[in-house]
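In structure tokens below, several structures.
Note that chain A is present in both complexes that follow, paired respectively with chain B and with chain C.
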Partner chain A sequence: MFKSVYNWIDERLDITPLWRDVADHEVPEHVNPAHHFSAFVYCFGGLTFFITVIQILSGMFLTMYYVPDIINAYASVDYLQHKVAFGQIVRGMHHFGASLVIVMMFLHTLRVFFTGSYKAPREMNWVVGMLIFFIMLGLGFTGYLLPWDNKAYYATKVGVEIAASVPVLGPYIADFLYGGDIVGAQTLTRFFAIHVFFLPGALIAMLAAHFIMIRKQGISGPL
Partner chain B sequence: MAHGHNSNEKVVFVGDSRVKKSNHPNIPPDYTSFPGKSEAFIPNFLLKEWMVGCVVLVGFLVWVIAEPAPLGYPADPTNAAFIPMPDWYFLFLYQFLKYPYVSQDYILLGTLGVPGVMFGALMLAPFLDTGKERRFYRRPIASSLMILSLVACVYLTVVSWDHYQHMLEVNGQVPEHHERADKAREAALAGEERPNYMEPEVEASLVDANDPAMDIAKQAQCIGCHAADLKGQGSIPGLAGVGDLLTKEEIADVITNGRGGMPAQADKLNAEEIDQLATWLSKQKVAAE
Partner chain C sequence: MSNHEHHENAHKPAQRKEMSRRQFLSYTLGGTTAFMMGGAVLPMVRFAVDPLLVKKGEGTYVKVVEESKITNEPQEFKFTVHQIDGWYVSDPELSAWISKDENNTIFALSPVCKHLGCTIGWNVKGKNEFDCPCHDARYTKDGKNLAVAPNPLDEYEVKLEDGFVYLGPIKPNTRV
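So, the complex of A and B:
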């Protein structure tokens, strides 16, 4: 049954090569913790992706209740936290997952750096990885404002003030982020849009590039 | 079908479609050049990975259930006492920008100069460290620069966090999310409703607005300062709800003798009018509605 469905699709779309590229490959011994426990350092990239998937899923559920306007934002987070079934857990996963993803990504970056895996021919993958790093920091920064409590408000204010101190471009960056003169209604909706649409879109594109490159180039060899 | 799978034509399509059948050999990269026991990704390795993933997920969920995500009080742009604090992974940069020569007149160096060079170098690492050697102990310059940056980031983060704790202590503050959680717990233990910080303040409105005393208020120029609806303006307090704060006698005293910035009205109103006005104002209670 499964085979005939697969054949039916394959006949039309020729998916076998695609499937081969994605899934049909070997895991060499030197990155497999089952053979050398110290190879667990090679797991941080996969864990980063795992937590990223958790972030995307929990974020999708949070947007079912979250309201991005200054009157209701805090109230909706409060409601999520205390009234919605499992709301506290989903919000907790998203809140702590944000820190965890940074930690995992940081460890993954250090592993790649100290094993020299960014060297030829994998330079481009390193650069894409750094772009992912910056996108993640952007997601952290924009997501921090959304609960609309004092911590969120003042951290954003200070953050944008720092960005505004950059010469020439600074005022434009501040204008773009604030959408006005202060952290206010416009800022919240902008940060929400950036956090939920712009950056995740960029992130998924970059992750796709990251993974396609690693499949093309394979895992770097043992030291 | 126009093109069978065994067609000898140069461009072969999938079935009857315009989808090109790829003709690259499609041999997955093998790791025969790395000696050792390699393992198929699907299903062997992936199954183990999923098991580890489940353990990680359970651990994560236990953490999340044990430690609710923090939430402070609603944002108040007029709150001058609040100590701003970014998320922990920005603290190194936040602390860095507090030092002389990277702040004030040198802020350009702090925001663009040093971080630009550091992050630029990190991003372009493969083009700066171009040697063939991969082992970190054979790349002393790259490795030591990275370790130095790591130590600096950890140091800055710790200093920033210590400074925050110190500021909290000096100002006698508790982080709002702790305070809020404590109050919620106290309320729960006392069997009360959790404090609701989103309850709109009950706005006082005039009781018996058509009372003849309102005409006295108009004649006596009360509305000149306390506004036409007696809701107050600027620093001048509103009179709606004044009955909750002062008794009739106290109100009569304030009208007669004045208080603070309010002039005495004894020469404008006779005793009967003052009494009438004070009686009416003392009825101005929010609870009366």
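So, the complex of A and C:
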């Protein structure tokens, strides 16, 4: 059944080379945990990606109930967590996943560092990786405000005040993040926009660049 | 299991019905992937379709007006209902066109046009009909659709108690 549908499409569009090019490549021995168990450290990049996918999916589903408005935000989160079926689980995935993605990214970065994979010709991928890292921090910071509870409020206040301590530009950055003078209605809407549109867009673009470069250059050699 | 098959098999090398290594790997990897994605995605899907599966709330009755105020001529009465819309609790104002028929039975019509949902009014054009401003739908006093609209106006459940008219949930028109 699946086979004949696939063949029907393949006859017309010749799709086999498309996925072969992406999926069909050998896993070298030194990154295969079946050969050297310690090669499991090479899994952390993939695990980071897996959790990133979960963040994006669970985030999309959360926006079905969430509203970025100072009167309703907390109530909508309370509602989706406690009244909607599986709300606790979907919010839980996004909440704990946000921490886990940082942990995985850190372990992945350690692997890249200690295997020296950042060296030529892969310097650009290190830089892209660093951009991904900062985008992730931005997602964590902007997402934290969204439940609009006390912790959210003060974390954002503290974060923006830290940003405000930057020489010269500080006050402008703070105004930009606050969308005004206080953590308020305008802060919430702009953090929401940044959290669900701007940063995920940037993240997907950077991940694409990351993976295209890996595909082009191959995984780095053994130590 | 026919003789014929049996005969043929006898001449071939024994066929082992085992799966190949490649098949085994693609089944286990595919199964694991499906399990992991399913575990992540199924809760999200259930979360998303929850509004389809929750029990619809029982309609309650709201006190609207004294029975004695109801005339043969439809009059509009406003009333508020307590509405719980997810996390948003409010008391929106609804309205009903209430009147008596020849047998002094009190009935209440919804003001929502059955064409595309605009709000109708009584006797706007002086023809003793309900008129809709949007696409000129017309209805009789009983709510019977005369033009444009495909269905008669909906009715509210009516309950009379201690000289007051109480209105309940909306139901399809029972008068025409």
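In this section, the second predicted complex is superposed on the first by the 204 of 223 C-alpha atoms of A that agree within 3 Å, B and C clash if a C-alpha of one lies under 4 Å from a C-alpha of the other, contacts with A are read in each partner's own complex, and residues count from 1 in each chain.
As a working rule, contacts are C-beta pairs under 8 Å (C-beta built on N, C-alpha and C of every residue); 3 or more make two chains touch, one makes a residue touch a chain.
None of the values given here were measured: they were computed from a predicted structure.
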Partner chain(s) touched by A:A75 [first = chain B, second = chain C, both, neither]: both
Chain B versus chain C as contact partner of A:F61, first or second or both or neither: second
First (chain B), second (chain C), both or neither touched by A:N150: first
A:G140 touches, of chain B and chain C: first, second, both or neither? first
First, second, both or neither for A:G221, with chain B first and chain C second: first
Which superposed partner A:V84 touches (first chain B, second chain C, both, neither): second
Partner touching more residues of chain A, whether chain B or chain C: B
Partner chain(s) touched by A:S99 [first = chain B, second = chain C, both, neither]: first
Partner chain in contact with A:R122 - chain B first, chain C second, else both or neither: first
Those residues of chain A which chain B touches in one complex and chain C touches in the other: 50, 54, 75, 78, 89, 93
Chain A residues touching chain B - in the complex, by the definition given at the top: 11-14, 16-17, 20-21, 23-30, 32, 34-35, 43, 46-47, 50, 54, 70, 74-75, 77-78, 81-82, 88-89, 91-100, 102, 110, 113-120, 122-123, 126-127, 130, 137, 140-141, 144, 147-155, 157-159, 162-163, 165-167, 182-184, 218-223
Contact footprint of chain C on chain A as seen in their complex: 50, 54, 57-58, 61, 64-65, 72, 75-76, 78-80, 83-87, 89-90, 93
Residues on chain C engaged by chain A in the complex (per definition of touch): 36, 40-41, 43-44, 46-48, 50, 53, 86-88
Contact set on chain B toward chain A in their complex: 14-15, 17, 19, 21-22, 24, 26, 28-31, 33-42, 45, 48-49, 52-53, 56-57, 60-61, 63-65, 67-77, 79, 82-90, 94, 97, 107-108, 111-112, 119, 122-127, 129-136, 139, 142-143, 146, 150, 175-177, 194, 197-198
